[in-house]
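You will see subunit A twice below: alongside subunit B first, and alongside subunit C after that.
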Partner chain A sequence: MAQETKAREDTGTDGAGHTAVGRRVTRLEGAAKVTGKTVYADDMKLPGMLHAKALYAPHAHARIKSIDTAKARAAPGVYAVITADDLPDYKRNDSNRQGLIFPDKEVLFRGQPVAAVLSEDPHVAEQAVEMIEAEFEALPAVLDAVAAMEEDSPLVREPLHDVDRSEERGHVSVETEETEQEGEPSNIASSAPFARGDVEAGFAQADVVIDRTWRSAMVHQSYIEPHSTIADYDISGELRVWTSTQAPFYIRDELAQAFGLPESRIRITATEVGGGFGGKIYLTELMVAALAIAVQRPVKYIMSRKDDMLAGTPAPYAHIELKTGMKRDGTLTALQSRLIYDSGAFPGAPMLPGCMLIGGYYRCDNIDIKGYEVLTNKVSVGALRAPGAHNATFAIESQMDMMANELGLDPLEVRLKNAVGEGDPMPNGQAYPAIGLRECLEAIADSDVWRRRREVEATPNRGVGLAVGGWLGGLQPASAIVCLNADGTLNVTVGSADITGSNTSFQQIVAEVLKVPLDMVNVETGDTRTAPYAGMSAGSKTVYTVGRAVKEAAEDVRQQMFELAMKRLEVEPEDMEVADGQVQVKGAPDRAMTFQRFGKLSTNFGAPFPVIVGRGSITARKMAPGFSAQAADVEVDPETGQVTLHGYAIAQDAGFAINPLSVEGQMQGGASQGIGIALWEEMQYDQHGRLLNANLLDYRLPTARDLPPIETIIVEVPSEEGPYGARIVGEPSIVAGAAAIGNAIDNAVGTRVDEVPITPERLLRAMGKL
Partner chain B sequence: MPRQLITLTVNGREREVAVEPHWTLLETVRDALQLTGPKEGCGTGDCGACTMVVDGRIVTSCLMLAPQANGRDVTTIEGLQSNGSLDPVQQAFIDAGGLQCGFCIPGMIVAARNLLNDNPSPTLDQIREGLAGNLCRCTGYTKIFEAVELAAERIRGSA
Partner chain C sequence: MRTFEYRTPETIDEAISLLKEAGGSARPLAGGTDLVVQMKERATRFPYPETIVSLDRVAELRTIDFSDSDGLRIGSGATMSDVATHPAIQERYTALAEGAGVVGSLQTMNMATIGGNVCNAAPSADSAPPLLVYEAEAVIAGPNGRRSLPIAELFRGPGETALESGELLAELRLPVPPAGTGAVYERNTPRKQMDIAVVGVGVSLTLSGDTIGRARVALGAVAPTPRRAQAAEAALEGQPANDETFAKAAEAAATDDCSPITDIRASAEYRRHLVKVMTARLLAQAANRAKGTS
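Let's look at the complex of A and B:
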């Protein structure tokens, strides 16, 4: 099925001379997805495959007294029951969630896997899990992160050692490190301070000082495809894994270390990811690989929705204390904050990015920021699209509005006055490169939602609010290969999982460099044996880094063709160009060799040219942070506390939108998740650490009924290193929603709710009606 | 467990399947009939990724038991394209950028097609209401609304 694109029909160039990038291009894999042909991990079956179902710990914190699997093993159709004792040797690290398959002494959160049953029939496996007789002795469970910091708090777990933070670094790459837990045993896994100037002096200069505490609930990525993994291991020592992941090479490296296997003997295939949002990096793969090694048969493990909510890696609850001061003219004079992120039972909470952003949007001479990553006996957390950012942004962006209100200043003007730009310091002192925060604010002022605000505010209980949000982005090396086929078409191979349409952007980049129609270029994500290395598709860096490698590989193909054409065209490479599917002499398009001719001359029997294979390999050291500004138009029902969203707009700096269609899709998708965080999404735990809403009815996601069409405005402030000036895109869109909606609600009814989601109950309580 | 023989029409073809009575229609279609387009996103009828049309009505097939589908007419995402070309709804989802990860799409498109069969000229609010049972986590729905509007326009234009 041919890819239909507007760009295809239109072969002209834009103002900058681009023929393929900067255009709205439909997905390379669109036809497969709309026909149901795309293969996700759960769609695969292997010969002899067993299904695994896990027994999840029924206590938030308990000692394992015994696990008797005799009855389960004896059940008809059960192939094996595997506990900690039955696992193959692996390098265990109890300090990391991903370093521990099944515990043997203590369970640390309700939902922690403790054993697995294998059967050819998934129903048999599920029933047999119920027959495992496990005895536990309950221990004190620590559930509140703030109370857990007290010196006399019971301990969540044994002390940490050798914490592996490599996954977190894939999401955000900043020049700073947290201080790991040391000294007396405590529930504080790590902490980090950032300071400059003198906050007390700053507050003394202020005309208004606001000091509030902001809370944001634990939320789940809620990809519609739950975690899905298949592993197979054969006697020769070859491990294959097919898994829904954003990070195939990362998993390969981790499994190689865990099992002591060479990376060349492990082959990870990132199957089509049915939504990841940071939650599908590395979680189930170690367990499934160990099960496959234990039984020497292929093993499939598909989490149910409930499993995934109990034992995935959701995004943390955060408690953020923030004190800010502002002068009458709107100058921010001081910012002091204590950020507490609830990490669950293992380290990994995104506290650092929260610290960087809470003091990272606005210029301020006096800051004092302390971040804490605190352990509790809840499921351990992971990344969700700009991990840690929305929590911190809810605090600072609510307070910017409150200070502006107190001083009678316009919320947009106050932000413009203080917004950071190129050269301004982040909390760690690192200077910002060129960024588009101001430009986003200027752009949102032009949105329909913001322009209509006076008219909207005239309606009782209706209001418009604004907030900014951003993300610093991850950095990792990347590579790509572009091969010229015999017929002149091009194959691109990359190692990055395509979670956002990145392969379509790569197709555009190659078509742009070589000036060929899009349908002459195809792109494949290879597995970790066939593809050149790429970092994880996380930290919004895929197009920014792998895109550069793809561009370089296409340029390499072009250069190789130029050099091979020298004899025949009788000019030097610098006098050649590519156009219309051929290499031609500049200014003389009739002196040319077509790509097809190069293809034949480099592949036929006895052909004179070597095979044309372009190589791109880059390292990325320069950040290209992305910002957005968002505006919400809400109506509050003062009797029920229901909030209705009438309009929503987002302006985001994409640097250069290689594919505006997919950039808009990222903006709208992230914005909708931010709206979910603002109004509905919350993992609710009871006093025993039981998750009360482990399903998609009670865990409320935004539906088509809830969301109006989201207005998008793409801002383009070029990055220094990204392909064609592109910068990070995927994550910034989720960040501002909580604050934008909180500000809109305050604008509508004059009530500030300091905890998201802003449920009807919380809103009515804040309005004094409950 | 003894299996039970059921007969159902799937995408226009009559199929006979021996099912266990507790199997859902979704697993019967996916595992026994090898039609893996419909997805299981929740198993509790909340997400809509398993949406099929049974006797002209939308069902969440993860909640329907296979024996209940005996004698019925079932359409899955695989039944939408015809004569080697995509259904206008499928094409519109591609053209409008109404898909990202694609996991919700087989259910979403089946629901959208059924919506347009019932109401060829839906308003935006009718589209929002009609698709409220199909969760999409990637798009924020904006481009899905545009896809359904585009499909409706094209279907009306070709009628």
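Let's look at the complex of A and C:
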């Protein structure tokens, strides 16, 4: 497969005669980014703009007794201090972090914003925040999700009603029955069961049964650019927001509902996103818009790194109990699991995808899975690239290795034997479409890391491990517009934020359909007023869905040109084709009209043709799940517990890699994050719910020196609906890292750590050396 | 960040008089990699400075000289990059080159000064164990002239030094290591860079033949200050340079020479364990270096 990608690069075609898709293309916006020209939200300045700084709750759980802002208001340079009492009218939604701008009675986590100071000078605002005199009465803080489930646990908060789950659905489409907890108030926000067959009978058939509990730390998306938002509201009732988001239309809809404004009066611009990974959907926008409405001036709010770590939407801690049984021949006979996701102070933990994946990689007749989403007095969680997936995958993929080891079976063979394929049921009974899980396993077998396995294992304290990971993907309608310019070049407008290079893929798709050089096509993400609708750039669905709309829009342009050319070329559209920047008669390239001619004829004074505008509009109902297999080569220092990575490989099914360069970038980026989750990343809280490492020195992301070269192998099992067979790409790469590294460590030193990150100290303890 | 006065003297004397003029609320600024972060986070161990006296333009603070007769003189304003890449330091003060060479990242090393590292007085400061094993003298300049102190006496507690308000660390003087000396510094961190030592160990061994003449061992991040490990040194001096001796000394270091705490980076128990493992390893490495140079 790697060779295939290479061949493409050399010849510029993938054998299917493609001229633009399937080629390695550098990013449209890349030059601006690397030369520092990109304008991020924080670079923007509006006339009369005020800076907002927030007061964050100093308790994990407390009643608000009083907030006295008199001193802060009186400080020179302070324009206003806004608390819950000073906010404009809005439809408050307590079930939703974003929908509760400032609390008025109860604070639910340390770092929850309770008031804001506005000033023309951000430093003045920051100093004035310290002058707000807020009094709290501490309440019992519930910090452990497992203990929080007990009937006699104190409650995290006043009971909730009507939980809004629209954001979660942007990331993954799971058809299931999820029950909001009813009856006695409890900290369990929701639960969901998935069962088939008879697990007891399944365990009875097994030759080996493993029953373990796996824990994974709360981790932060750690995008380089913290949350950044500017809002402006004018007396005509027009609300504008510039914000670093993956989901401009979603924010528009939420703000419209909250303020009772028509969506047509709201204009959200998704500024260039300096990293999102699922964490930049919707967080601060309602607050900033409310502040702007309150003072009738533009307001900018930029989170510091610390603010973002305290009050962003990180990924949950999970506690996963898993019991699995396998027969001597490697057949998986039963799988039983209880998955507990710590949601923080608001519902929204990705428990469902965890349930779907823990029982979704392997065929198994007997499953019994129950997921719980539990509230605690910690910051509420959100999505992080394949939300909930790595936690569950760490459990099942560790146990697959453990069972294989006990039975003396090859870990790769055992996986191949059980791996799901087209038609196999997911835990909710839905059948998989065509997927490439098996193909990824076959491809990873061919990686350098896996092929050198025997040789590596012969070295003391070195080992190689393997794991798979996947993501089901989100689904949402999408649309696009392609306009022919007077000089024959093309402008593409979409409503999807570009967080991964998707606009570059759209450029390739249009160039492919119309057979023009890439530089004749430009792509723009419009704002929610100028762009046609697109779903949020989440759930790995952007190229899969918006790409289809773009393709349709380009085909529409082509069809319009064919029809307009009928008179002049004297043939029917069926006998025309596009090539080399012109419409020509098939087999007679000299009977042609150039794109430039179409451009002139459709725009000049008195021109005969109507303007050529192509439109693409689709709905997406078919999933195109993406899988990857990953292999790690590690060395353990047996005296310090330090783990060094010597090699790493990832094989991922992209369906069809429209831009192999960016697909590989996604694979390497996700794998790096998976490695970080495996070895370093962990938000550490103390017994008062205080985050102890709210900075990137003590919250350790892997640096370039910690990562080995990451070998990438693109697998292509076409999806049914995606453009050129493309399927979801962005998320699957993060999922397998924790398990692959855990398995490699076990292979190296015969020790399993049941908790990620596998810190040197945890490993040394598990080895019995501390 | 709160507002403050910013001064830019060009000589040590001028800096000292500016500090004096501003009184207790003034603070010298070198590379700012500790101070600016602490000010932003409101985490200074002293009152938030109202005046910042930048040492950036004080050229005399940046020099590094070495001579066989006088040894090494490092201006407090020399950056970690200056120190780590200086030929005489790389050749004769290997442990110091190693300590300076692990600070943060390349960008950090280009800003961070050795004086700032010492005066910030973190128990984990990476230049401290090397300076302790080389028995550096701190030359301090103040309103009443100059004084000097052994580096071990400069460190008083986490973030605390023997400097009086208004005093500056001017330079560090390191004697020439005796012939037959091998020295090494290493730290343990979860990441390979951009990290703070969980434990730092510096050792210096002077061998005559196979016998250890002089031994210096210093530990970082396992006590309120970086400190010498006297019990380990005693277990080494006069003994044969072999694994058995190193193991005994390592045991002594872990048992008697440290009082680690549990924090977010590691437990006390793990730190103690690391002191033992690392001290034994580094002693063996230093002995090899000593043999290479003698």
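To be clear about the criterion, the second predicted complex is superposed on the first by the 755 of 770 C-alpha atoms of A that agree within 3 Å, B and C clash if a C-alpha of one lies under 4 Å from a C-alpha of the other, contacts with A are read in each partner's own complex, and residues count from 1 in each chain.
Here, contacts are C-beta pairs under 8 Å (C-beta built on N, C-alpha and C of every residue); 3 or more make two chains touch, one makes a residue touch a chain.
Here the structure is a predicted model, which means the values were calculated and not measured.
Is A:R705 in contact with subunit B, with subunit C, with both, or with neither (first, second, both, neither)?
Both partners, subunit B and subunit C.
Kindly classify A:L697 by the partners it touches after superposition: subunit B alone (first), subunit C alone (second), both, or neither?
It touches subunit B and subunit C both.
According to the stated criteria, A:F277 is in contact with first (subunit B), second (subunit C), both, or neither; which is it?
First partner only, subunit B.
In the superposed arrangement, does A:Q642 touch subunit B (first), subunit C (second), both or neither?
A:Q642: touches subunit C, not subunit B.
Would you mind checking which one, subunit B or subunit C, touches more residues on subunit A?
Of subunit B and subunit C, more residues of subunit A lie in contact with B.
Based on the superposed arrangement, let me know which partner A:W680 touches: subunit B (first), subunit C (second), both, or neither?
Once the two structures are laid over each other on A, A:W680 reaches subunit C alone.
Between subunit B (first) and subunit C (second), which, if any, makes contact with A:Q127: first, second, both or neither?
second
Output check: A:G408 vs subunit B and subunit C. Expected answer is one of first, second, both, neither. What do you get?
neither
Kindly classify A:P76 by the partners it touches after superposition: subunit B alone (first), subunit C alone (second), both, or neither?
Neither partner.
Which parts of subunit A are touched by subunit B and by subunit C alike?
123, 697, 702-703, 705
Taking the touch rule as given, give the residues of subunit C at its contact with subunit A in the complex, in rising order.
Checking each residue of subunit C against subunit A gives 1-3, 41, 105, 188, 190-196, 264-267, 269-270, 273-274, 277-278.
Can you list the subunit A residues touching subunit B in their complex?
1, 3-4, 24, 26-27, 29-40, 42-43, 123, 221-226, 272-277, 304-305, 499-501, 661-662, 664-665, 668-673, 695-697, 701-705, 707, 709-710, 712
In their shared complex, at which residues does subunit B touch subunit A?
20, 22, 30, 35-44, 46-47, 49, 76-78, 80-81, 86, 90-91, 93-95, 97, 99-106, 109, 124, 127-146
Going by the contact rule at the top, pick out the subunit A residues touching subunit C in the complex.
So the residues of subunit A in touch with subunit C come to 123, 126-127, 306, 639-640, 642, 679-680, 684, 692-693, 697-698, 700, 702-703, 705-706, 759-761, 764, 769-770.
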